[in-house]
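Next up, some structures in structure tokens.
Common to both upcoming complexes is subunit A, partnered first by subunit B, then by subunit C.
Take a look at the complex of A and B:
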């Protein structure tokens, strides 16, 4: 059962239109009279707000329907139709998409409002908001697109926008290189996505390439192809959602303005991979091997990123690695077929991570673009609102009950345990302790103790209210978002999981209350251990330690970037140069050159006979005539 | 007049060009004349497009007996296969006259002749007629390169000329072979392309002449390893000629394969398709990787163009409807994107006197409109969804996977290879800091902006709403695969890795 409505397409269209209008205004005015910032700020917020209102309307409309028929569709036009390959530019809103819609537009709007303050004074104010709108619009296409190909439009769209925004301060080469890296690494993942789509289509796509047709036909997919499709799609997800081995772009993506980081890390882009796996739960549910691969890649990514996060100096990099680590949890969740748990962590993470990034943005703003935590300290006196809200975000991230992150993380760990993935659970618990440690390491160094840079400290101040109000709203979300999906042991009824049920193919694992309580206690203990360690090491002020041995190795992120550079980037460039300098002239073009040389040689050889002396030609004539006579006399006989 | 719309589109520019060459017209008059004629062709082209009914068969047919004793006729027509090549040839040329305003009289006259000859080759439905236009279209390029090209133009001109003429001679032999075979099998003379599909060709001789055709077209496309003339020619030719070569003439090579080889030599193609497909994929990767080592903007685009042509050719050799349709779509998508990029390089060169990637930088800050247009064309060229480049590329990869999984997988790497050099180039030319070369870089003038705007919009429209365009192509490509011979089906079945992917033949 599905209901056709005619407003779904408008949801991505509003921000996209905003992007076009703001972009054109900026392009045509930026080198002449500059428009006032207010114009851009207001224009930029209209699109996201309208989309949010429509998202609410979608939610109301879905709620009015009986759960099993909660599908709204909107086919705008036939997009591509070639033989049996038929795809329409269609949109689908089901409970899963609706959940994403709500938090993407809500948090997206808050980040836009915050940016009005954060970006003020920037020369490319208009350009920034054009990209932001484009980013949000692409994300909404990704979420709403009915079928993998329409999703891919948004998928690549957010990739492009991240490139544009990461290299936003484009005068500095390092920023542009970081942008290039993000785009290229994402493209590697996208190759997996494209090939997965091709396999899926030749498997079952001729019956329709939208989600509902695909899920109906999913059983007809041969097991080998199903595995290939699942793994190829997951390659796409590792690119977009920064998992091993393609996570390398995300920490570098910190080169962009801070609100962009918030948008990339919280509301858009990196959650896309998790969304995709959940979206294709009808495929993944049938391929256990793919699920195990995803779960293990996820939890190992969580571990690796948590190790890196413990040693970083840059406040944004700490948060970046924490995002990678939390994404690992989400993949662990969807990998063990606990799709709703993974999605719920996406949801709560969106609040507290947006909060933490925007809080970090406030600090960076207050300290005039200082990002090194060892230059901060004692800021809680100067920036109380930022301090309180960031502590709330930190508690949620670290998994302190009853903040939102606790419930969502616990649900994933519980599902891993209950489905018998004890190894994943154990690593998850260790990572939980590490998360608490690195999060509060950051909080203690930045806000507690003494000022480390007195001059910067003296100039620090709370940012304007256009920036603090979004922080407060997000803090409220970071506290309470977890209550939407309380499990039975806390007296809840898994509201979000129930809401998502029509969209997902999953079975919620039920075990005994004892197991539930055991998992909860283990999580709380992990949090407590991490917090205690952080307090004892950094609670009363500390100076930057000297790294040696393992910590030095971890501080340098296991030299993974250097390894990629040595193994992939340099050889690729060298190959290009070799082709151009050696292979092209000496191998590929050699036959052509050889042919012309041969031609010259033949010419030179025959030149000898054209000596130019009458006596030589006379000899030719005599010899020729004799031979002819001989031949004739022979043949006449 | 409109019964003869194709003849007008062919001979109006050719005759104008010849007259310009013979009269002592000034360069200004030559340019205005050229612009007006190309605009007239543009209007005729749009009119033709609108009235094209997508029946699947030849439309706007003109047929006159020419050498009746040998069955050679003056025979023109348009169907879903050549419609888009024709559009590329008839809609893009006005840009050249608007961008390059100060060239010589002979430059514009040759451009006119080239356009007429290309339209002739595209519309010819008779092999002899095709051959004649095919040869004529090389002449203006020869003169433009040799007279108005860069400092190392002479060797480059000689190389491209001898290379293509060698190919053409092979093709002539193959055309004669087809005519003679037709006479032998049906006891009458014909050189009509549509008649050749009836031929039953087999044996060593057929394979020999199959390769004659393939090599002729492979040189024009160019297909790896017949591409070695391209980097020098594209770099040394005046940018207008590079534009014509890359945006249109290369496409006529692909078109030739679709028109001559696919229906006539179906058996031989089925046998050697895997070889040719690999040649396309290897060429894509080889040229794409070589592009990253280039310091000259124009040469980098030359390699990029060769790389993309590999993918377009691949689509033809995959012998299924998705890939073939994708190739035809990509012909226009690539013509618009790479055409705009080459013209922009021309503008950069005229504004800064340099094409070296290392001499440039920071243009985006100085010239936002310029950068925006360039970026859109660049994104189309790397196949970003929402631009025309994605539709064709995706259809080709989709079809390639059906043809052979590994060919498809390697074809997919174009997604990565393309962005590597393009982003590097964009970084060094448009981002980073300005320098004395670019610190006074002028943005697009109003005329320039209006010149490029329609093409930029077309790139976006063809990416967002491709259906109306595709529906002009698919009736013809569907006919191509309607009567699949069993041989083709066998090749498709070589899908050893995933036998499930093999498609049942009707």
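Take a look at the complex of A and C:
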């Protein structure tokens, strides 16, 4: 049934090796004459490119197999072996993993190429690429792992790399704080993941702890445990994929360099949560309650993040909240058991979000690290390539037909509608309109109207071609990626959904053509309304408005961060200080200090015998030998 | 007959012990140790003769050879000790005092 291929392990190995090589080069040369940047740039791109080529090979190999046995495996070595319990460092490529492999390596490669231009001149050029390669390698481990344990290795790896890269500009304390926040918030989610694994192992772990065995045994899991496992895994997913209530780290993660944001948002990290839920679709399909929770949390996250995005004035924060919002859609999709729709949105989102972030990076690069949209304006004339590609990305994000985002978002909304989740569909439509609004608010303010900061505007220029070419490639992807999964109403046959079928446990809901058309029309109407509002408000050039009332509340992100600080962080700190000042010296330290005092007393008592004179030791020896001889002669008789 | 040899051996050994414990001069201590060694050899030879066995003689020769080597080493140590403190009183060397 499964085919073993030995090149599977190489896919994550190439970027990981790149990370080691670049890291060592950087460490050994950073204090002497630096290597030219080209060396690092080329070394960094080799790993992702080789991985992409192997991903293509995996795809070809999978295509050659009959659909129901599309599994490639490779056990690299035995990782843990305790008695009966064996875990191997094994990799599994099925259609789901293959899809992720393809777009993760492809977009990862483009982002690496783009970074060659974006990061040029940075002191820690080598360190940056070492981390980037490590990030990509961890994500590939996560995707390729053949069980929850190997996935967890990658899961923690991306968490670590996000921390390293978010606080990359570590001279500024705020960036370090942002990195810490991302790491700590992710740890909370990781706890859910670990507990979920423990429950899953307790339930059906004895039959093997890889996906294939687990999916066979999934029916034996008691319903209560299944619910617990599903919800705990979802807590893990809320951490990685930035859902309520753990989304707070993602906007702060904008402290990192822009290509990092692109990598986190498009190819690695945040898609891990959606991937995990889809991976465990055999569990989630049997627990309807967990699905509903996920769908509602997802769509409410989408709504909340869209509200925040409408009021932000940092270009990267707008995009960050749009990612949170789109991730909400994905979770709504997997929540209503439309796993392939959710995964397809991950796929298209990877293209247009990478495009938007890299475009934003171009702007930031051109304006010398200016991120405030109220200091931009009229950049259309200065940066035509960036403008066109960003508009394409914006159209895809806002869900304008026939751009990619439209089809994937529509598929999610259709599945929600067709499975009877009308509330989720309705919120989804509202969020779609808001998405169009905030996306084009950004585009209009940045590119249209008059220059708001004349000095910055005069210095703006199109970035070098090493940065614009990835933009163009991604723009092509953002236009056409949607055509891979055309639904029946547009004359397609859901190619991606069919491709993913062997990996997922789902039933595609079929309703009448009328419903399909109704949903499509509603989506297009939502887009049109959002676009119209954005144009009327910001199309002709606008200045930063004064916020009051609700908009002020939303501008400050509902004070969620402050509330977390007040409710969780401050009491926790107070508790820590209490323990540190009162309990530690009196309760925990006392026995330790007492023990040391006891030993000192004993030592002082025995000190008397250590006279220091040879004669005295000789006496001890004679006495001891005599006693021993006496004892021996007694016992012999 | 063997008793006489063993009594002599015991007397020599006890003299050696008393010498090690009671005397403070490093040389005297060292000589006392040699005395104890030779007391042991004497007992060994006596038993070897009693049992008409050559192993005891061989062992005695070995012990004497080792004692000679030890003497060479110990004398060097004594010289170093003298260099260190210009005295040969064992009570002066009490660095191990607790």
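Rule of thumb we're sticking to: the second predicted complex is superposed on the first by the 582 of 637 C-alpha atoms of A that agree within 3 Å, B and C clash if a C-alpha of one lies under 4 Å from a C-alpha of the other, contacts with A are read in each partner's own complex, and residues count from 1 in each chain.
As a convention for this text, a contact is a pair of C-beta atoms (placed from the backbone, for glycine too) under 8 Å apart; a residue touches a chain by one contact, two chains touch by 3 or more.
Computed from a predicted structure; not experimentally measured.
Participant: Between subunit B (first) and subunit C (second), which, if any, makes contact with A:450: first, second, both or neither?
Facilitator: Neither subunit B nor subunit C is touched by A:450.
Participant: On the A-aligned overlay, A:579 touches which partner chain: subunit B = first, subunit C = second, or both, or neither?
Facilitator: First partner only.
Participant: Could you tell me if A:610 is touching subunit B, subunit C, both of them or neither one (first, second, both, neither)?
Facilitator: Second partner only, subunit C.
Participant: Given the touch rule stated above, what does A:618 touch, subunit B (first), subunit C (second), both, or neither?
Facilitator: A:618 contacts subunit C only, not subunit B.
Participant: With the two structures laid over each other on chain A, which partner does A:199 touch: subunit B (first), subunit C (second), both, or neither?
Facilitator: first
Participant: Could you say whether A:83 touches subunit B, subunit C, both of them, or neither, answering first, second, both or neither?
Facilitator: The answer is first: A:83 touches subunit B but not subunit C.
Participant: Counting residues of subunit A in contact, which comes out ahead: subunit B or subunit C?
Facilitator: The partner making contact with more of subunit A's residues is B.
Participant: Which subunit A residues come up in both lists, the one for subunit B and the one for subunit C?
Facilitator: Residues common to the subunit A contacts of subunit C and of subunit B do not exist here, since the sets are disjoint.
Participant: Would you pull the subunit B residues touching subunit A in the complex into a rising list?
Facilitator: 159, 162-163, 224-225, 227-229, 231, 286, 289-294, 320-322, 325-326, 362, 364-366, 368-369, 372, 379, 384-386, 390-391, 394-395, 397-398, 401-402, 408-409, 412-413, 415-416, 419-420, 423-424, 427, 431-433, 443, 464-467, 470-471, 474, 477-478, 481, 498, 500-501, 503
Participant: Which residues of subunit A touch subunit C in their complex?
Facilitator: For this pair, the touching residues of subunit A are 606-615, 618-619, 622.
Participant: Of all residues in subunit C, which touch subunit A in the complex?
Facilitator: Spelled out, the residues of subunit C in touch with subunit A are 17, 20-22, 24, 29, 90-91, 93-98.
Participant: Quick one: in the complex, what on subunit A touches subunit B?
Facilitator: 23, 26-28, 30-31, 77-83, 85, 89, 149, 152-153, 155-157, 160, 163, 167, 170-173, 176-177, 179-180, 183-184, 187-188, 190-191, 194-195, 197-199, 201-203, 222, 224-225, 228, 572-573, 575-577, 579-581, 584, 588-589, 592, 596
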